[in-house]
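We call the chains A, B, C, D, E and F, going by the order they appear; numbering starts again at 1 in every chain.
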Amino acid sequence: MDTTAKKKLEIIIEAPMLDRLCRLLDQLELGGYTVLPAVSGRGRNGSWSRKGEISESQRMYVLFAVLDARDLPRVLDEVYAIVARQIGIVTVSDVAVIRAEHF
Amino acid sequence: MGLFDLAVANLISPPILFFALGLGAAMVRSDLVVPEAVAKALSIYLIMAIGFKGGVEMASSSLADAALAIGAGIVLSFAIPFISFGLLRTTSRTGRTDAAAIAAHYGSISIVTFIAASDAGAALGLAAAGFMVAVAAAMEAPAIFSGLMLAGKQEGQSGRELVRDVAFNGSIVLLIGAFLIGWATGDSGRLVVEPFFYDIFRGVLCLFLLDMGLVAGRGLVRQAGDIRFPVILHGLYMPLIGAALGLIAALLIGMEPGSGALLMTLSASASYIAVPAAMRLALPKAKPAISLTLSLGITFPFNLIFGIPLYYAVAGMMLGG
Amino acid sequence: MGLFDLAVANLISPPILFFALGLGAAMVRSDLVVPEAVAKALSIYLIMAIGFKGGVEMASSSLADAALAIGAGIVLSFAIPFISFGLLRTTSRTGRTDAAAIAAHYGSISIVTFIAASDAGAALGLAAAGFMVAVAAAMEAPAIFSGLMLAGKQEGQSGRELVRDVAFNGSIVLLIGAFLIGWATGDSGRLVVEPFFYDIFRGVLCLFLLDMGLVAGRGLVRQAGDIRFPVILHGLYMPLIGAALGLIAALLIGMEPGSGALLMTLSASASYIAVPAAMRLALPKAKPAISLTLSLGITFPFNLIFGIPLYYAVAGMMLGG
Amino acid sequence: MGLFDLAVANLISPPILFFALGLGAAMVRSDLVVPEAVAKALSIYLIMAIGFKGGVEMASSSLADAALAIGAGIVLSFAIPFISFGLLRTTSRTGRTDAAAIAAHYGSISIVTFIAASDAGAALGLAAAGFMVAVAAAMEAPAIFSGLMLAGKQEGQSGRELVRDVAFNGSIVLLIGAFLIGWATGDSGRLVVEPFFYDIFRGVLCLFLLDMGLVAGRGLVRQAGDIRFPVILHGLYMPLIGAALGLIAALLIGMEPGSGALLMTLSASASYIAVPAAMRLALPKAKPAISLTLSLGITFPFNLIFGIPLYYAVAGMMLGG
Amino acid sequence: MDTTAKKKLEIIIEAPMLDRLCRLLDQLELGGYTVLPAVSGRGRNGSWSRKGEISESQRMYVLFAVLDARDLPRVLDEVYAIVARQIGIVTVSDVAVIRAEHF
Amino acid sequence: MDTTAKKKLEIIIEAPMLDRLCRLLDQLELGGYTVLPAVSGRGRNGSWSRKGEISESQRMYVLFAVLDARDLPRVLDEVYAIVARQIGIVTVSDVAVIRAEHF
């Protein structure tokens, strides 16, 4: 099976900012992204947990997008502009994909 | 009933005892958890129910009284943050942005505290006017704008997006929507939903307050050590100041005791849903853990256990026949 | 009651108003959300309740009438996709596979629409026969096979796995199971569950329809722009065609107005749970967003707000004493 | 009522029929699922309700009887694992650690089985003393320590952490807390929560047992093939042995039939919430799938369908007037 | 601590296909896999969100399996056969594991 | 946009151990970690699924922490001590981060 090299961009972002981040990515016209819910964590701002919470304000989501290395620089710049002020971290890693025509 | 009897009656009611059970379980680090999805759904249920009931009761309310009360609520929500901010800045070394964020929480309201107080009032026979639901809704947002003013100019804010997020915030939309539905359908609507929105309401409140106790207790266990003492004190005296201002407003516009106690409770309570989210968007540099621990871990239990009976007792004396 | 009065009575009932509130909140992009887990549980509750009630009422139903009605339902579910497919293909440029998938949705049924219609019927005093629950269950699957026939030969399908998935689909199993339990335990069973499955039912329906309004509205906001106008129109006229066919069947087998209105509603409604999942397995090339937006975002609100009172009015005139 | 009538009355009650529906749906691999969050919330509700009711009923109980019953429960919970362990080791080739883990499950209790039995008892007019709730709570933990003794010395265990985790386990804290609240508030508290915790209780139980049937059935489908026959048999005879020991204890301390049947049920039931979690921490080498499948997939349905009516029948004969 | 090189296979798959994918992997007798729920996303078929949904048909799950590089080709072939017709994407990346005896 | 190389540590751990693992990581004073809930899986101990479950004992969580390569050895040692006896697997992979000052 042939595989193609791509980049996986992963953004851990606080819930109140998730919609704005998605709207940004929609404008950037990436191939796609997927959002996973986190249930607890710890960082410099202390620890949090979803146990029994009704407010979304403290939770984090993990959004990831598999994209072409060529698209990475412009996407990182735009994402950084949002994440810099908010709580969130951004990582990039290497992946190989099958069905490259999808991206 | 005297203040002491009121306090005791409140303290030994099942909803408050389940809240205390939750607090205690969290303190001993029990793994008791109400799932997040269910907790959210319970709060939706309670907001729908309280909104609907308020609407149904509008049949017996004067619109002029309602307008006056809403106006008073808006002024209180707008004004209280300035007091909170000033006190925080003079008594503690809290930075400007953090103090502004905390202050916004105190100007706004806790809808759960409002629901618990309405329930306590009903149990005491001191029912409130239906429009107090609209007052609660009206008091949610103004404090946010006071908070932003107090924080001063921040980079990169988008005012328009924020106004929209705040105005169409889920609990406000639901509270007002359910209120209008109750108002529109009145007693015939009430008949349809009575078993669900009226009969089981107080039992559901027990389950919900169990969860609120767990959440408040876990927040305390996790964070309280990181918060400086003068800030913790703020979480205890600020509700009393808010309630006093609420009482003055109630006296000025001539409210009845039941409604007045609710206005006091609203002024005394601090937001822990709408405002924290708005602050993350508008004042991202403010540390969220401090304000949330204060409003949810300290002010909320204080109001629930001590504040509400106190406010009813004072309202009974000052506004009563 | 005339058509107009019926429409008004339906429109100002709390369940429909909460549905409208959900729709409106989604349109203004409020962040109001009923958690997914709770929404699913509410649908389980409603299906259990409606199935159980249908079963209890079987005591006063004739088995011959039931068999006739079930037969009529199966024929309708099987036939409607052919009409839907033909209309889609002639009025719009929808491809063969997509048209077949959409058509399968319209032949099958929406159990939530059925529940809302039953509730409206009960409120109007036009109760239906208990076996209508079995008719609803019987109408879920045949349309899927029509859809597959219309789509023509597809590669890599596993017919046996599909039949099993469809036949043992959660909501069918639950609806039929609860129906049989109601039938078996009758009035003594009813006594056990009356407060839960009967008394609070209409209140729970309000909460559920609030969520359905939110979901339908969010789907519309997200997707409607991508759907061509003739396809959107299909979502509006197809329920009327379905209802007309349902009425003809009801006349042919001599149904009473309450049951007939439900057969019309079932024929008019489009699936948005069982069929979308089956189509992903059987016709993976069909674009899921189109058919789901159509059935959930357009036909479902249309039926709930306009269709149901219309079907009751027409059934009352055509089938009534 | 004779044993046969009792069995039939139990079998055709809606809660047991919904349990059977869940079992059956899982067996045919239907995709019917009650969301995890809701299932957990239902169990919280049921524990709160059963605890509260027990507390309210303490008004008519003697504390001496309660102390005796609690003592008996502790002894049973502590002793049963030794029997279970011995039988497992002699009849099957289960290893020491696995046998100890399974034995701990059988000494402890299933609170859901207890709730279903209480409900069956109420339906039969054989109500139990309020303190049986405290007996259930007291029987949860001792078996865990027997299990650890049977497993022998394990590396890296932290006894103190374990004791704390077990003692402040969510369902124990909630059961005891709700019990104390019911006791403290008595009939006036009951009035507040009656519609929620009493009226709809049996209906909620139907929904919960539907889920329990689904979970038990899915566990069986997934794992039963991997479990050796003598171990499966253990899941069928062990409840009978437990019930017999419970009966002896009930005779010795002179219990009434309703309470005695519950003590039998508690002894017969096996834990599938608290003990599995404790075993993962204390005996990580024990394979979790075996013990869980046994207690949840075999013993639980056995008790629910056959055990409970049997225990009531025997208790009625042996302890009855 | 010694680590061993492995491959991480990640499959984003639509809910209705999840069971079939799992059954396939069960037959392939991999060491194991884990499934995470996604809450929202966007792709060529538009965007989706679990908010308030009762139907599973539009949701995605993320399944990942840590496996030996030698097993990858046969697994990819089989997985591709399923995913090719459905909505889903497949990525492979490098990871190091401790406790290599587990796999 | 500048990126910095980091390590991503990922631990799949059974629910009853999650709290103890988090307490351990808290003591190690990492920059932070995030916990994701899994819904089903399969391993040598058979398969599990959260469908309708009320007991947490069989579920798995996925905890990940982005950290500096220098911290990895001591963290792996401590984590191994816990995971060795329990059900769980530990993987490490390479990522690049923006906002390196966060870690």
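Rule of thumb we're sticking to: a residue touches a chain if its C-beta (ideal position, glycine included) is under 8 Å from a C-beta of that chain, and two chains touch if they have at least 3 such contacts.
What you are looking at is a predicted structure, and each value in this text was computed from that prediction instead of being measured.
Touching chain A and chain D at once are the following chains: B, F. For the pair chain D and chain F, the distance between C-alpha centroids works out to 34 Å. Note: centroid distance chain C to chain F, computed from Cα atoms, is 45 Å. Chain B and chain F have CA centres that are 38 Å apart. Each of residues 33-38, 40, 195, 199-200 in chain C touches at least two other chains. For chain F, residues that reach two or more other chains under the stated contact definition are 36-37, 47, 93-94. All chain pairs that count as touching, in label order, are A-B, A-E, A-F, B-C, B-D, C-D, C-E, D-F, E-F.
Of all residues in chain E, those touching chain A in their complex are 10, 12, 36-44, 47, 60, 62, 73, 76-77, 80, 83-84, 89-94.
Residues of chain C that touch chain D in their complex: 35-38, 40-41, 44-45, 48, 52, 164-165, 168-171, 173-174, 177-178, 181, 184-185, 189, 192-197, 199-200. Interface residues of chain F facing chain A in the complex, by the touch rule stated above, are 1, 3, 6, 8, 22, 25-26, 31-37, 61, 66, 93-99, 102. Of all residues in chain B, only 12-15, 17-18, 21, 24-25, 28-38, 123, 195, 199-200, 202-204, 206-207, 210 touch chain D in the complex they form. On chain E, the positions that touch chain C within their shared complex are 14-17, 20, 45-47, 49-58, 85-87.
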